[in-house]
Amino acid sequence: MAETTQGTGGLKYDSSKRSWPNEFNIFIALVIIVAIFEVLGQVLPYMNGQSFLFDTNDRFNSIFNEARLQIIILQVAIIGIISLGVTQVIISGGIDLSSGPLVAATAMIVMSFAQTELVNGNPNPKAVFGSWAFDLPVIIPIIVGLAFGAFIGAINGMFIAFTRIPPFIATLGMFLICRGIAQWWTRGQPVSFPTESYAGLGAGMMPVVWFVMLAILCHVLLRYTVYGKHTYAIGSNEDAARMSGINVRRHKVMVYMIASMLAAFAAIILSSKNLTAQSGMGLFYELYAIAMAVIGGVSLTGGRGSIIGTVLGAMVFGVIQSGFTYIKLDAYFQIMAMGAIIIGAVVLDKWRQQRASARP
Amino acid sequence: MAETTQGTGGLKYDSSKRSWPNEFNIFIALVIIVAIFEVLGQVLPYMNGQSFLFDTNDRFNSIFNEARLQIIILQVAIIGIISLGVTQVIISGGIDLSSGPLVAATAMIVMSFAQTELVNGNPNPKAVFGSWAFDLPVIIPIIVGLAFGAFIGAINGMFIAFTRIPPFIATLGMFLICRGIAQWWTRGQPVSFPTESYAGLGAGMMPVVWFVMLAILCHVLLRYTVYGKHTYAIGSNEDAARMSGINVRRHKVMVYMIASMLAAFAAIILSSKNLTAQSGMGLFYELYAIAMAVIGGVSLTGGRGSIIGTVLGAMVFGVIQSGFTYIKLDAYFQIMAMGAIIIGAVVLDKWRQQRASARP
Amino acid sequence: MSDIILETRNLTKHYGGVHALQDATFTLRKGEHVAIMGDNGAGKSTFVRQITGVEQPTRGEIHFGGKQVHFAGPLDAREAGIEAVFQTLALADDLDVSDNLFLGREKTKFDWLGPFRFLDYKAMRADTIAALEKTAVKIPNIRNTIQNMSGGQRQCVAIARTATFHSKLTIMDEPTAALGVQETAQVENIIRTLKEQGEPLILISHNMRQVMDLVDRIVVFRRGRICANLRKEDTDGQDVVAYITGAKTQPEYEVAEAV
Amino acid sequence: MSDIILETRNLTKHYGGVHALQDATFTLRKGEHVAIMGDNGAGKSTFVRQITGVEQPTRGEIHFGGKQVHFAGPLDAREAGIEAVFQTLALADDLDVSDNLFLGREKTKFDWLGPFRFLDYKAMRADTIAALEKTAVKIPNIRNTIQNMSGGQRQCVAIARTATFHSKLTIMDEPTAALGVQETAQVENIIRTLKEQGEPLILISHNMRQVMDLVDRIVVFRRGRICANLRKEDTDGQDVVAYITGAKTQPEYEVAEAV
Amino acid sequence: ETIGASIARFDDNFLTVMRNGMVDYAAGIDGVDLQVEDAQDDVAKQLDQINNFIASGVDAIIVNAVDTSATEAMSQAAANAGIPLVYVNRQPINVDNLPDNQAFVASNEIESGTLAAFEACKLLRGMGYAGGASGYLMMGQLSNQAAVQRTKDVDDILGIDMCNFISINDRQTANWSRDEAQDLMTNWLSSGEEFQVVFANNDEMAIGAIQAMKASGISMEDVVVVGVDATQDALVAMQAGDLDATVFQDAFGQGEGSVDAALALARGEDVDQKVYIPFKLVTPANVDEFLSKN
C-alpha cells in the first residue's frame, strides 16, 4: 500500500486504490457473455456439447472455431465504423441520429459511380448514369462518398453550432432528408454490379481491417491531440470551453463532419461487401451505433468515454448476435434478449463504477 | 411603459418588455406554414387555385374546408397522445424510445382480448385465445392495455431510477423487448375483428376527442400539481431535487409509468381506429413523438417545456402532412421536406427566443 | 447524554484513493452554534455530505437526537429535521424563486389527490416575498428563473429556503461566500435569531470575523482530520489560523501522520 | 489618451425587462488596479460579461487598447489580451487540472498537424504543478477531474489559469469567495505581483479589507448603475458602504430614479 | 439435418404466412431441424446471418432476400462453404446463373400487380367509365422491391390501349400500413376531387383506404378498390362487398416448397433451379375458395 500525498501535497492519497479504467468493466462484461454462451453450449441438450468459440468438430486447423471468430467481429465492423464517429459526437455533448439514413444515401450515390460496364458479358442492367460513369477508378466513388459525408456533416454541424438547435432535432431532420435522398436517387431501385476494384474494398475480412485501422486513428485523435481535448472540453462544459477561448462552433462542425465521413466510409464498405446499394439500407444503424458507444462507457451527457470502450461495446454486440444463432435461440426471443443484454451490460458497468468509487 | 421595481425591490424592471411565452413562437411557425400552403395553392399552376384551409368549392356549410381541418388533427391525434407522455419524460430529464414498439405490443395484446365471435356470420378466423375471450366487455381490453403499459413503464422507470443507467439505453432496450413481444405474441400474425364497442373507441373523430381530453389533463398535471412541479425540478437539476427532499426515484418511476400508459392508450385507440393490430405498427412513432415535443419547445436537457407547446408541435406535423398531399408533392420529396421543416420550425423557435432575450 | 443533538464517531469517507475524511468524531449540543473551519479541500463539505445523507460514509457512526441513524438520502435527513444550505446551493435552475423555496414541501390544496394535489401558488408567492425580505436581497422579479440570477441572489434564495422552515439542526456551508455587505449582515442576523430560538447550527466559513462573532465553538479540519476543538473564549483568530495551517495541533487529535 | 487601456461608454444591458446594466461609463488606465463593489444583483458580473464578449451589450461602446472593439465572443476578448476569472469559474468538470489550466492554449508538438496537433502532456503537467504552488492550494492528485474537487480547489484552478498567462488586462470576479485563509493570502500575493509587473486589473469583491489592501480605485455599482468612483486615499470602508447601500451617491452619477 | 432460414421481415403479414408454412412443414418431418432468423429488412444483417449459419455448420440455408439485388454476395458465401442455398419468394438477381447447389422457389411477382390492376380496369369498363376515369395509387415502402414492381405493374396496365382511359390523380406512399393509408385517403378526400378507383400495393393499404372512405360516407359500390396478398382481413372485406379484387399468392406453398428444395439439395438430389408457384386472382366470385388458405 503506497500511501503518499501527491500533486501539490494535501490529503492522504492511496494510489493502490485508484479505480480501474472504465473500459475494464465492459471487458469483463464481454468475457462473462462469452462464458455464458460456452456454458449454454454444454448444458442445453440439443446443442450436443458444441463449443461457441472452440473448434470441437475439427473443421479448422486451430483450437478456435475460426469462422465464428471472424463473423463475430465482421458483422459489427461496419456499424462499428459508424460508432467511432458517433462516439466523438456524443463526447462533444451531441448526438447523431442521421448516420443510418446517411449510410443508405451514400451507398446509393457511391454505387452509381462504381458500376461496371459488363455483367457476365451482358451490359449492366442497373446503370444509373450514362456510359461515362462505367468502370471509373475506385478512388472516384471513394472521394464522392467522403465528400457527400463531409457535406452532410457540415450541414448538421453548422445548424447545431450556429442556430443552436438541439443536435437531436438537427440530425433527426437530416435523418429524414437522407432517407428521402436515398429513395429519390434511383426512385427506390437498388444499384448493383460494382467494379472489381470497388468490390475489393469490403471483400472478406476487409471491413475488419478498416475498422481496426480507423479505431486506432480515432483513438489517437481523441486521446493525444488538441482536437480530442477540445471535444471532451466542449462536451463537459460548453460555456467553459467557449470562455476558455475554444472556437466551439468551428470545432462542432469539425466533429460532425468527421462523424459523417466515417458513416459515409462505412457505407462504401457496406455496399462493397454486399455488392449492392439499396435505399432501405442502414435501418436502425444509428441506434445501434449509439448503443455500442454507450455500452462502451460513453456518457450521453458528454465529456466522457473512449474509443477503446466503443470497440469493446461493438464486440459485445458481435458476440451476442453470433451467440444467439449458435444456441438457436428463437428469433422472437433474440430481439428481446438483445434488449435485455444491452440494458444488462450498462447496468453492470454502472454497478461496477459505483462499487469502485465506494470501495473503502 | 410600466417601469417598476418588483419583488423585493432592486433593479429597474420594465414589465412591458416581458418576453412572450415560448408557445407563441411555435404558434407563429404554424401560421406561417399554413400560409405557405395557401399561397402555394394559389401559385402552383396544377392546383387550379384550390384553397388549403378554406372551402372553395362549397362542399361544406362553412367557410373552412372542414374535411381538411379534421384530418389535420385526426392524423396526429394518436402520436399526439404518445407525445403527451414523452413530453413529461423529457421535462423530467429523460427520454423514451420505447413508445413506438410499446404501441405495437400493446395493440397486439389488447386486440386479443377484444375479439368478436362472428365475422360476417362466420366464426372469427383470427382468434388468439379460446372462445372465453370472445365478445368481452370493452373495459377488459382497456384495463389489460393500461396495465401492460403501466408494467412496462414501471420497468423502464425502475431501471432508470435505481440502477441510474441512461434513459436512452433503458428505453432502447425496452424498444427491442417490446418489438420482440409484439412479434412473438401471435408469431407475427395480425389480430383483427374487434367487438363493436371496442371499435367505437377510435371511430371517426374519437381519437381527437381523446387527445384533447388527455392534453387538458396532462396540462393541469404539469402546471398545477405537485407532480408537475417535481417533474420540472428533477429535469432542471436532479441533485438539487434530491437534496430538497424530493423522492426522485419514486417520481421517475411515476413519470415513466404515466408515459407508457399514455402510449398504451394510444395503442388502444390506434387498433380500434384501424380495426386491426399488427406487429409492425408504430414504426418511428417514438421519434415523431419526441420531435413533436421538441418542436413544441420542450428542451431535451430537461426542465423546460409545456403541453400546450407539444399540442402545437403535433399540429405542425398534421399541417405538414396534409399540406404535402394537398400540393401533391412527389412522395420522394415529402420525406426530405418533412426533415427540412422539422429543422426549420425549431430554428425559427430558437431564433425568436434569442431575439426576444436580446431585445433592447 | 440527552442534550447532545448530533454525534459522529470515527466518520470516514474515501473517494477511491482519496482519504477526504478520516475518523471524524464530533458532538453538537442542543442550542449550540459550532463553526467548522479549515483549508480548501480539508474535508468540511465532505463531512456535511455524510451527515445529511447526500453520500454514504465509508465507515463510522452518526447519532442524531439520541439514536443511531442511517440516512439513505437527503430526504431521510430532512425528515429527521436537518436543514442544510449546501456549497453547491442545490437549486433548480429552470424554476423560479418561490418554486425553489418550497421545493419538496409545497403548499397545496386538495391534498387527497396525493402526488397530484394542487399547488397553492398564491400562498407560496406571498411567503416568498416575506422570506426574501429577511435576507435583504434585491430580486427584480421573483418570477424570474434561478438561471437568470446573480451568484449572490442564488445564495440568498438557498438561505431563505433554510431559514423559512423550523428544524432540529441547521447546517450552512459557506453561506455568505458570494454575498454583499448588506446581505451578509442580514444572514448573520438570521443566524443570531436561530441562536435566540435555541436552534443548533453548524456553520462552515472561511471568514474569521464572522465566525468569532457568531459561534460558541470552533472545530478545525486539516487534511481530512479534525485537528482542534476550541471554545471561542479560549482562542483568537491567530490561534485558529495556526491550527488551520498546521502550525499547531491539539494533543488529543495527534496522529502518526505520513507526510 | 494613450495610457487608457479600457474604456466603456454608456454600456447598457437589458435582459428582457430587467435593466441589469445601465449607462456604465468606466475607464481603466495602464497598470491601474480597480475594484468593483456593489450589492448582490447590482450588475457587476453583467458588466464583466459585456467587456469579455460573453454577451453582447444592448447599447454602448467598448474601447480597448485605444480603439473601439466588438467582441463576438470570449475568444476575441482573449485574443485581444483580456484574461478573466468568471464567477461561474468556467471549468470543464470532466477534465483534470492541467487540462483545464491549458484549455484553449495547450502546449503542443507537431504543430503542422493543425487542429490535430499532439498534446505535450508532460510539459503541461510540470507547469501545472508550478502554477498551483503559487495559489497554495492542496490538491491530492492533479489527475483528478474537476468534478471531484472542493469549491475552493476549483476556484484555485480557475485563478491559476489566469495567473499563468500574461495579459493586457486581468479581470477577477469574486476570486477569493470560496477560498480559505491561506489561499486567500496567496491570491492576494498574486494580485500584488501583477501590480508590480504593471498589469492592470479589475477586481470584483465583497471583501472590504481585501479591496482596501489591494486596489487604487473603487467603483461602486448600485441597481445597474455606477454610483461612485472613489480613489482609495479619499475614502474608507464606511464611506464605501454608504455608497453601496444607497445612503450616498456621487453628484456626477445622480439620475432621476424611479424608486 | 439442420436448415437455417433467414426471412426478410418477421412483421410482414405475407411473409409470416410463408414462414409458418416452412415451420409447420419442417416440424412434420423427422430429424429436420429448422432455425428461422429475422433479417429485419437489413441486407447486411442477412448476409451476416448466413455467415453465422455457416459458422454453425448447417446442412442447408433458405433465404428470403431482403433485397433481391444483394444475393450475389450470399450465393458466393454459401458456395465457398459448400452449403446448399434456396431462395424463396423473392427472385434473386443472379437467378440465371446460380451455382449448382442453389435454387429459387417463388411466384412471379410481375403477375401480382398486373392481375389486380387489370381486374380493376375491367370492372370500371363494366361500370360504364370507359370514357374516362381517375383514381389514386397507394404505394408501399418506397425502398421496397415489391412496391416498386407492383407500382410499375399498375403503370404498365394503364399504358395498354384497353385501360388507358384511367388517369391517376396522385400517387403517394402509405408504407404498407393501414393506419397511414387511412390518413392518406382522408387527405385525398379532403381535396374533393372526383375518383372511381384506388389501386393499393397491398391489402392492408386497401383496407385502410376503404375504412377512410366509409368514414366519409362514400358508398363502396361506386368505387373500385384493389389490393394484393389476399389476407384474411382482405377476404372478409371482400365478402362484405368493400374490396373488389386482390391477388392470392400461395405463401404457405412457397414455404413448403423451399424446405423441400433445401432438403433435396442437402441430400445431393437433383432439383429444378426455378420452382414457380402461380398467383391467382381473387374476386367476390371465388373468394370462398381462399378463406381457409392464408
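Residue numbering begins at 1 within each chain, and the chains themselves are lettered A, B, C, D and E in the order written.
Here, contacts are C-beta pairs under 8 Å (C-beta built on N, C-alpha and C of every residue); 3 or more make two chains touch, one makes a residue touch a chain.
Values in this document were obtained by computation on a predicted structure and should not be read as measured data.
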item	value
Joint neighbours of chain D and chain B, given as chain labels	A, C
Distance in touch steps, counted as few as possible, from chain B out to chain C	1
Between chain C and its twin chain D, rotation from the CA superposition, multiple of 5 degrees	180
Distance from the mean Cα position of chain E to that of chain A, given in whole angstrom	33
Chain centre separation in whole Å, for chain C relative to chain A (CA means)	47
Separation of mean Cα positions, chain D and chain C [Å, integer]	29
Residue numbers of chain A (touch at least two other chains)	5, 10-13, 15, 183, 187, 332, 334-335
Of all residues in chain E, the ones touching two or more other chains	10, 38, 142
Residues within chain C bordering two or more other chains	15, 17-18, 41, 88, 137-141, 223
Complex interface listing, chain A residues touching chain E	57, 59, 65, 67-68, 70-71, 74-75, 78, 104, 120, 126, 182-183, 187-192, 270, 273-276, 278-284, 321-322, 325-326, 328, 331-332, 334-335
In the complex with chain A, residue positions of chain E that touch it	4, 10, 35-38, 40-45, 47-49, 51-57, 66-70, 72-73, 93, 97, 141-145, 147-148
Chain B residues touching chain C - in the complex, by the definition given at the top	5-13, 15, 221, 224-227, 229, 232-233, 235-237, 239-247, 251, 254, 303-304
Footprint of chain C on chain D - complex, ascending	15, 17-18, 37-42, 44-46, 87-88, 137-141, 144, 148-153, 155-156, 174, 177-184, 206, 208, 223, 241, 244-245
Sites on chain C touched by chain B in the complex	52, 54, 73-75, 78-79, 84, 86, 88-95, 97, 99, 103-106, 108, 113, 115-119, 129, 132-133, 137-142
